[in-house]
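Below you'll find the structures, each written out as structure tokens.
Look for chain A in each of the two complexes below; its partner is chain B in the first and chain C in the second.
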Partner chain A sequence: MGSPVFYLRRLRTLIQTEVLVLPSRITVLVFSLGLLLLPLFTRDPYVLRILILTSIFAILAASWDLLSGFTGQINFGHALFFGVGSYSTALLNIHAHLPPWAGIPLGALGAVLAGLVIGIPCLRLRGTYLALTTLAFPIILLGVVFAIPGITGGELGISGLSRLSGSRVGDYYITVILMLGLGGVMWKITDSKTGIIFHAIREDELAVRASGLNTVRYKLLAFCLSSFFAGIAGGLYAHLMRTAGPSTLEVGTSFQVIIWAVFGGMVSIYGPIAGVFILFPLLEFLRILPKIRMLVFAFIVLLTLLYMPEGLIPWIRDKIEKECPRCKVRNAATRKTCRVCAASLEKA
Partner chain B sequence: MKRRNLLQRILCFSVIVVFMSIPAWGADTIKIGVLGPMAFTQGEGHWNGATLAADEINAQGGVTVNGAKRQIELIKVDTNEFLSVPDATNAVELAISRFNADFLTGGFRTEAVTVMQDIAMDNKKIFLGCGAAHPELCERVATDYNRYKYWFRVTPINSKFLVKVDFILLGTVAKIMATQLNIPKIKVAIVAEQAAWNEPIVSVAQKKLPEMGMEVVGVWRPSPVATDVGAELSAVQRAGAHIIFTSFSSSVGIPFAKQLGELKIPAAPVGINVEAQKQSFYDATGGKGDYTLTINTYARVKITDATIPFFDSYLKRFGEAPNYTAGTYEALHILKEAIERANSLDSDKVVMELEKTDRPGTAGRLVFTKDHDVTWGPGYVTGLGTQWQDGKNQCVWPMGWEGVTYEGVVPYKLPPWIVEHYKK
Partner chain C sequence: MLQDIIINGLVNGSIYALLAIGFSLIFGVARIVNIAHTAFYMLAAYFIYIGFHYLGAPPVLAIVLAVPATVLTALVCFRLFIDPIQEHEAAVLIATIALAMVIQEALLVVFGGHYLGVPPLISGYVELLGVRVTKQHVLALGFVLVALALVWVLLMRTRIGLAIRVTAQDREIANLMGMDVRRVAMVTMAVSVMLAAVAGAIVVPLTVLDPHMWMHPLIMMLAIVVLGGVGSVKGSLLGSFILGFAEALVVFLIPMGAFLKGSVALSIMILVLLIRPEGLFGVAFEEER
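Then we have the complex of A and B:
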């Protein structure tokens, strides 16, 4: 157990050597600090509400990327995990009177169970077949929701849930800190050995299997991890809205997640998060053009993807950073030599 | 010196121009947020009804509060609630915190309205619901009055009563058929679009119709957006149905009525067909929509003295008969009266006055129940049954029901091909 001064020094060194050396990391730091400090400057309930919802959907979009981006298991029914998390948390709150801090993780475990249920049969499928099968699951669950209105509340949903916290600022800090924390955890997972295996499965599953790795186990792990984070997002959403309803399971919710993730840039975790932080407030801003709001929104998304097929954030990152041709470490675009191996970056 | 004088004059002139170009400078308005899915016909109804009422009230000088007349200012808030519940909640927050709406009206999709209601209650804003029919919205007032007392439902009658009227209409037509065509036992085909709201209606119909002395010959569930229901109609004909009990809220109501008229299937359509409530229905069915009977809220009959003037003004201004979300018209008028009685914009004081509402409204005598729902029944709001007859949407119910008949109601007409078929 070192002294606080030791840890502070270590943090300062880490920031100096790992964060301040890359424009993308500086942006993430400024963005995170900006979010954390925002309530000191404004407590406008509308602005805070938009950012709370944005944070929740950012967790959801990143969780989709963890599964579909990294392992290539394209999931068209991600709303299933969101909906199961939302309904499980709501039921635990209403019937077992569990507070949000206990109900949300348990609800997320319900989503993990759903991930296992659909993961096991889906593991035998690939490509279009997998995408279409995953699309079916939230629709099936929606049918179940309407079939047992006594439990699920039918079209009205389950309402009267406890508040996430006592205040809007409280809700804001809970969701923003969770978004930053869970985003960081997801990013670390994808940066670990497990993440490299996820990558490899997407690139060539047969080769991974030939190297003696059990790809089935890893794909199932990806389903469970993704569903857990999506379930957390669902639980937060239910407590924020104080209701869990059929809209959480709708096809539109699943497609929205894909749009956010693809727009921001897949296979990065931070790309989908940035995608939500751009698109969700943008849709709100476009209320100034009520009649053509959705049209302008769709036009912006289409134009972006036309000129930046990898997504907005990877495009920006490639403009401000260069990869060292020798050691593959990223450097600021202004550097002439690599910050690690000193190789020339002139032709990179 | 001359230059300074010139500058002073320009400044004075500019200030005067600014003051003159803003007619309402300094005059307070009462801001009302109209919430609805504005890209859809339901939202259009919300906005049109509110606009008509606001213009009428403003033309009379506005709302009198503390001896001063205040104009009504409407804020159009697109909730987009069919497509996104978060969008709807953001819209309400926007209306309250940014546009400083004093009162709210509208709402349509129950799941979204539940959350919208919570946001309004958190802010102690009076929300006059005009669109969502679920009873739960008013049951919340009964269970937690102090929190939910700011919610009132102006239209429609709640879904329990909508279903009740649905069965009354079915029973009425069954009786007419049995009497006029001498049919001993009426056979009914249930054709309900594949939608969640229809599930309880279908199951209740299957149970209730035999109790009413009728036989259910089958249940068909076409897609809400089907463009061809020929297969279902052929099956209904083969099943020997005398009546088709319909339950459509979406576009399927048009191809259904069109194909039924074209094929001249000997079964009378009765029930819910939201498309048939619209003025454009007859043209949309190519003139084949005649004899379609649907539940409705408004028709050109004298429910009260207010109904026909409202109906005519609405039709003249918007070229369309009012649909039930246009009940925002009523909402604004009862709000005006309550504000004037309370002589205040304070939500708690206005709630107390709204509870005393007893108004000959456009859809019937409007009195709120203790849980702030619209009172249903003879002498109050009843709902209507309207049938397309020779290209006109005529009111055919209530006609002598519980002693209620509105001036202008006409008798129900059986389709001639049905009469011909059964009198052979």
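Then we have the complex of A and C:
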């Protein structure tokens, strides 16, 4: 089915006509390349560690967006998937001695199970009820974790997991490539027909059902997909920290995910990823002011929202790109005419 | 044992009731899920601590001063951070989360993470049906009853109460009828935070203060509001006592109960929702169906 040269040529055309014409896509490309090439320039373990954690949380925030942003099923308890993923990965590693590459996907399947367990009752709930109910699940599990210390290790958690890979650079490449890959997969999902149905469910569920689609199936699918990706993030986190502890299930973790995603810009997948890549290193940087670190952080979030209530990334994107009024294709803000239909982009 | 359960259930339930009713009011009127609600409750408790320990005011005066101070702070925060982005629901949500974090961290910076306490207003016990109950608990219950009665009068017997109820039922029609919906929202915010502040004032002598004390009541309050039906005052009241008693029962009857008290209360909420998705007294909002 075609030679590699053919595919390479197609890739080149794609990059030339679809990627290099838009500032936002160039930024994504440069950003990905920069992340991949970074270890050539610095091997500072501290920098690498921050970026590894950032990548893990980027997967988590993007998975929240897949469920809550696209399907509109606002989930206040995303820490549940993260925690279940990391606890089941840890248990598999400790008791069944599974290596990380096998344990993490299986742990993510555990998170999918959790997604089904909360997804099925939550199908009946909408809006605020759903949001506030999902908040309860990780807290219930946290109570259980504390009540059966024999299995979960109680407050200390499960420690002594095997390493993700032999070296820091190895860990870095595993998490960064997984982040870029899974981010791409999630973006592809939201761009596919299924993603459009997710979007439609958020806008008007009744209308989707009226057009003969089984919204229950799609909502459960969204729960499963989202919990799978969040579970992978949880498993990676457990292997990186070499412990799985109750902090993964705390309310603060759920809130943190929402802050990252909404700050970066919901309903875009790349928005939450960018949100994590801005806020997480920022929080680390603020260690220069140890006492008021969180205070400054919360203020920055508050003030940014005041001026960009749609999130940071959509705000920037609208500054550097314009949408063609006729064919709805995005164009660089510097162009005078649309790159596809040549309609004038000047405001009438 | 039984007496402990009853007293604890009643006191916790009534404090949750004050919090949940306030949260329910502002959600109903302005559609704001105010995560910072219990942070204001904590703020009131700390204001009383400041008044008592730093300014040397007598406890009653400290309470009387702390409530308006909290309401004023809340209104300023609301005006500055929430009001300008009211149209964006997600942004309002994290703005309130961030606000709660700001309050928590500010208290951490000023007071550190220590446990602080304020002495009870009155000491000693009374005998109730052969049970010794601290006078402070009796006083707390009395306070709650008075506060609830005042809220009922405000909502049912005054013009502003009518405005709040009307706006909660249908914002758009209220707006079309020439009501200043934003002003109603401000007034509701004031009433709602006042209830939280009163709850804080009642809690102060019964518990220890630390900058994380808002978390547990927040979760219980959210569970109660969902259990009772979002926007229903009656539901919030009933839900508070159900969860308050459930908590007390678990703590006193089950081994490791202190860990499980939140879990059991939240499981009750989920069970109720499985049977009645709109909560006990919920009304399905037109746009949310």
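Throughout what follows, the second predicted complex is superposed on the first by the 343 of 348 C-alpha atoms of A that agree within 3 Å, B and C clash if a C-alpha of one lies under 4 Å from a C-alpha of the other, contacts with A are read in each partner's own complex, and residues count from 1 in each chain.
By our rule, a contact is a pair of C-beta atoms (placed from the backbone, for glycine too) under 8 Å apart; a residue touches a chain by one contact, two chains touch by 3 or more.
Please read these numbers as outputs of a predicted model, since none were measured by experiment.
Legend: residue contacts after superposition of the two complexes on their common chain; A:A207 is shown touching neither chain B nor chain C.
Of the two partner chains, chain B is the only one touched by A:D44; chain C is not. In the overlay built on the shared chain, the residue A:L11 is in contact with neither chain B nor chain C. In the superposition on chain A, A:M241 makes contact with chain B only, while chain C stays out of contact range.
When the two structures are aligned on the shared chain, A:P121 is found in touch with chain C, with no touch to chain B.
Judged by the touch definition given at the top, the superposed model places A:L305 against chain C, while chain B stays out of reach.
Set against each other, chain B and chain C touch different numbers of residues in chain A, with C touching more. In the overlay built on the shared chain, the residue A:F146 is in contact with chain B and with chain C.
In the superposed model, A:C341 lies in contact with neither chain B nor chain C.
Chain A residues in contact with chain B (one complex) as well as with chain C (other complex) are 146-147, 294. Interface residues of chain A facing chain C in the complex, by the touch rule stated above, are 121, 124-129, 131-133, 135-137, 139-144, 146-147, 206, 251, 255, 258-259, 262-263, 266, 291-292, 294-295, 297-299, 301-302, 305-306, 309-311.
Partner chain A is touched in their complex by these residues of chain B: 38-39, 76, 78, 83-87, 89-91, 93-94, 96-98, 110-112, 114-115, 118, 134, 136, 196-197, 199-200. Within the complex formed with chain B, the chain A residues making contact are 44-46, 49-50, 53, 146-147, 149, 154-157, 159, 241-243, 245-247, 252, 283-284, 287, 290, 293-294.
Within the complex, the chain C residues that touch chain A are 27, 33, 35, 81, 84-85, 87-88, 90-91, 93-95, 97-99, 101-102, 104-106, 108-109, 215, 218-219, 222-223, 225-226, 230, 256, 259-264, 266-267, 269-270, 273-274, 277-279, 282, 285, 288-289.
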